[in-house]
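One structure is given below, represented as structure tokens, and several questions about it will come after.
Lettered A, B, C, D, E and F in written order, each chain numbered from 1.
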Amino acid sequence: MIFLTRHEHFNAAHKLFNPAWSVEKNEEVFGKCANANWHGHNYDLIVTVKGEIDPDTGFLIDVKKLSTILQIHVCDKLDHKNLNLDVDFMLGVLASTENLAIAIWNQIVPHLPTNVKLHSVKLYETPRIGVEYFGH
Amino acid sequence: MIFLTRHEHFNAAHKLFNPAWSVEKNEEVFGKCANANWHGHNYDLIVTVKGEIDPDTGFLIDVKKLSTILQIHVCDKLDHKNLNLDVDFMLGVLASTENLAIAIWNQIVPHLPTNVKLHSVKLYETPRIGVEYFGH
Amino acid sequence: MIFLTRHEHFNAAHKLFNPAWSVEKNEEVFGKCANANWHGHNYDLIVTVKGEIDPDTGFLIDVKKLSTILQIHVCDKLDHKNLNLDVDFMLGVLASTENLAIAIWNQIVPHLPTNVKLHSVKLYETPRIGVEYFGH
Amino acid sequence: MIFLTRHEHFNAAHKLFNPAWSVEKNEEVFGKCANANWHGHNYDLIVTVKGEIDPDTGFLIDVKKLSTILQIHVCDKLDHKNLNLDVDFMLGVLASTENLAIAIWNQIVPHLPTNVKLHSVKLYETPRIGVEYFGH
Amino acid sequence: MIFLTRHEHFNAAHKLFNPAWSVEKNEEVFGKCANANWHGHNYDLIVTVKGEIDPDTGFLIDVKKLSTILQIHVCDKLDHKNLNLDVDFMLGVLASTENLAIAIWNQIVPHLPTNVKLHSVKLYETPRIGVEYFGH
Amino acid sequence: MIFLTRHEHFNAAHKLFNPAWSVEKNEEVFGKCANANWHGHNYDLIVTVKGEIDPDTGFLIDVKKLSTILQIHVCDKLDHKNLNLDVDFMLGVLASTENLAIAIWNQIVPHLPTNVKLHSVKLYETPRIGVEYFGH
């Protein structure tokens, strides 16, 4: 069993806002992250897959293929977008890093070859704050 | 003459949009950076000042004092804000990294002690794209 | 189950010294790390907690709360201190990175909310040397 | 149980080439990585070992000893070398990052002290592409 | 005057070899960098241009245009190549980082718009060794 | 004219303390940096030299020779040392980053070959605080 990791990058705007709460309650809980006019981040996405090495190629998976999957199903949908307004797979979801990491996991899984399993999605919203999800 | 550099950090939303142009022209020129719903960045701000060392302290300037100036007059006004809507010193200015670096220069200069000169403002909007301004 | 990671930073002096040994034996075993006049490091502290996401906030834990816990119970006690002399929870402990990581674990655990479990404490004493502890 | 990580670095040339295939098939599968005249990388090697802390030293293992093992049995054999031609433990092996990580694992294991177990070998061929092996 | 910096990346093989010298002299002068079977690097290329801001766009130059110039005239010609054998603008040139930085400068200059001047080419062959050229 | 940069690293203890002042005055001015029991840093040293390229080697200077000069005359004297007590060229000097950068400049200059000029010494005491000296 070998693990392969690919780093991707996207820039997005978001705010933290629970529509079931008043504006005041949102500001009390989320502080400046609730700014009505949005703020944004350079997100670092670190995806790890696992499986057996193909003896013909020496690869678990061609990292260019993995990168293409991440590009089409994750980064193109998030890059230079508003996480609360523009992203089909985040509609109705509170745009926290935790929820975004899980949503990204769900975006990737259907597109991996059958011999490659998704191991983890790690998502940094700043260089000092990251979230990791292992699928359960 | 010694040069002292301090790195700061802020997260903000923005879009690139020239109000004198149609939406179509903006999208043609600025591409996905013109997204009406905004996008955002983790900005890295690298400020260098210069001058003579104070023999009593061995300091050009106490870096905590420099950091406080940057916090009050730059980062607190930009962090978790919308550069196009929320920032007094950016109102009416196209929110490019170039223009933001110059605006930050102008925010800092009035607050430095007289023996300390601002040398450069370097501003990275992604780890791979940065702008530097030397005041003229 | 989601994992949330926070990076903190502190600067400290220390030396490696076993008081049961002679100075010569300490120098033989610890080399330049035994320098009687101390040396020091910029420590990078990487703390990971785990648990379920609160559906109201989208958070495992507000990362500002986690950061405050780390600030009060770890970084304020270590930053700009001498690990061998100034730190109550390191007194009588050999100030290796291994022992410091375990001591930091014990400093954090009592202060986490009951729904949040400490997963790991990773401590880098240089960019190339790190230690990780998982609590057992 | 404590985990200790050491980062090492080496620069090498390689190409991806399966000798059972035609040049055309190699180019089709491996693209520019199959360039007959080679290409190369700065490899980042991140080795983690685990075990109990020695109470006399506070160490799992003296990190200088670990670094010496990695230097002699891994880095000296790979640094400024051609992975396909110059490295005894890679002869006949397709020089993918996956295979190299496993070969490095096998180079390290025989040389660790009995109280120290190898936990993982992580190998980055670029800052965005890495492989990790846990020994099974 | 504003300065804009773009970071690019390429991986290449090379060796240091002066054809006017014997193999022995090459090995004596260049050491392991003269390895006949090549070695390689992940090169980090940091290009800075300068000029006036266009008031209509807030840009010195659209960084995507700068990146395209660097891609076509520099990175596509160097990435996954052998610097001594595969690169038209390095033929007959000793493949040191110094000479490569100057050659890259000459590749870029003819393709910049007239209002944009090349300020510097910085080229790192490892994270700890870099060269910078300012055009004279 | 070409510029060559080499990054080195050392770990040291220090405190900021002006012996002409009372302990109270030192604490008032230097805050926690005046801690009597010392604190410490991982210093990053970035040295840039300049001159003409030797056409026989393609080098300004063999970077291994530059690194050896830095090792012998700077890093070996500072690494795992106390800047206030153990370093001959810092005795009687307030151990600020500013003063240390200038002292390092003076350590390097006498040992460079005549065709190589020292351009700058940049010294980071944390990843966010650095000083640069150009020799005048």
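Methods note: a residue touches a chain if its C-beta (ideal position, glycine included) is under 8 Å from a C-beta of that chain, and two chains touch if they have at least 3 such contacts.
All values reported here derive from a predicted model rather than from experimental measurement.
A.B. asks: Under the document's definition of touching, what chains do chain A and chain C have as common neighbours?
C.D. replies: D
A.B. asks: Please state whether the interface between chain A and chain D is built from the same residues or different ones, using more than half shared residue numbers as the mark of same.
C.D. replies: different
A.B. asks: Centroid of chain B to centroid of chain D, CA atoms only: how many Å?
C.D. replies: Chain centroid spacing, chain B to chain D, equals 42 Å.
A.B. asks: At what distance in angstrom does the C-alpha mean of chain F lie from that of chain C?
C.D. replies: Computed value for the inter-centroid distance: 28 Å.
A.B. asks: Could you list the positions in chain D whose residues touch two or more of the other chains?
C.D. replies: In chain D, residues 127 touch at least two other chains, as defined above.
A.B. asks: Write out all the pairs of touching chains, ordered by chain label.
C.D. replies: Here the touching pairs of chains are A-B, A-C, A-D, B-E, B-F, C-D, C-F, D-E, E-F.
A.B. asks: Can you list the residues on chain F that touch chain E in the complex?
C.D. replies: 1-8, 48, 53, 56-60, 62-64
A.B. asks: Please name which positions on chain A make contact with chain B in the complex.
C.D. replies: So the residues of chain A touching chain B come out as 9, 11-14, 32-33, 35, 37-42, 79-82, 85-86, 125-127.
A.B. asks: For chain A, which residues count as touching chain C in their complex?
C.D. replies: 16, 18, 20, 29-31, 93-96, 98-99, 101-102, 127-134, 136
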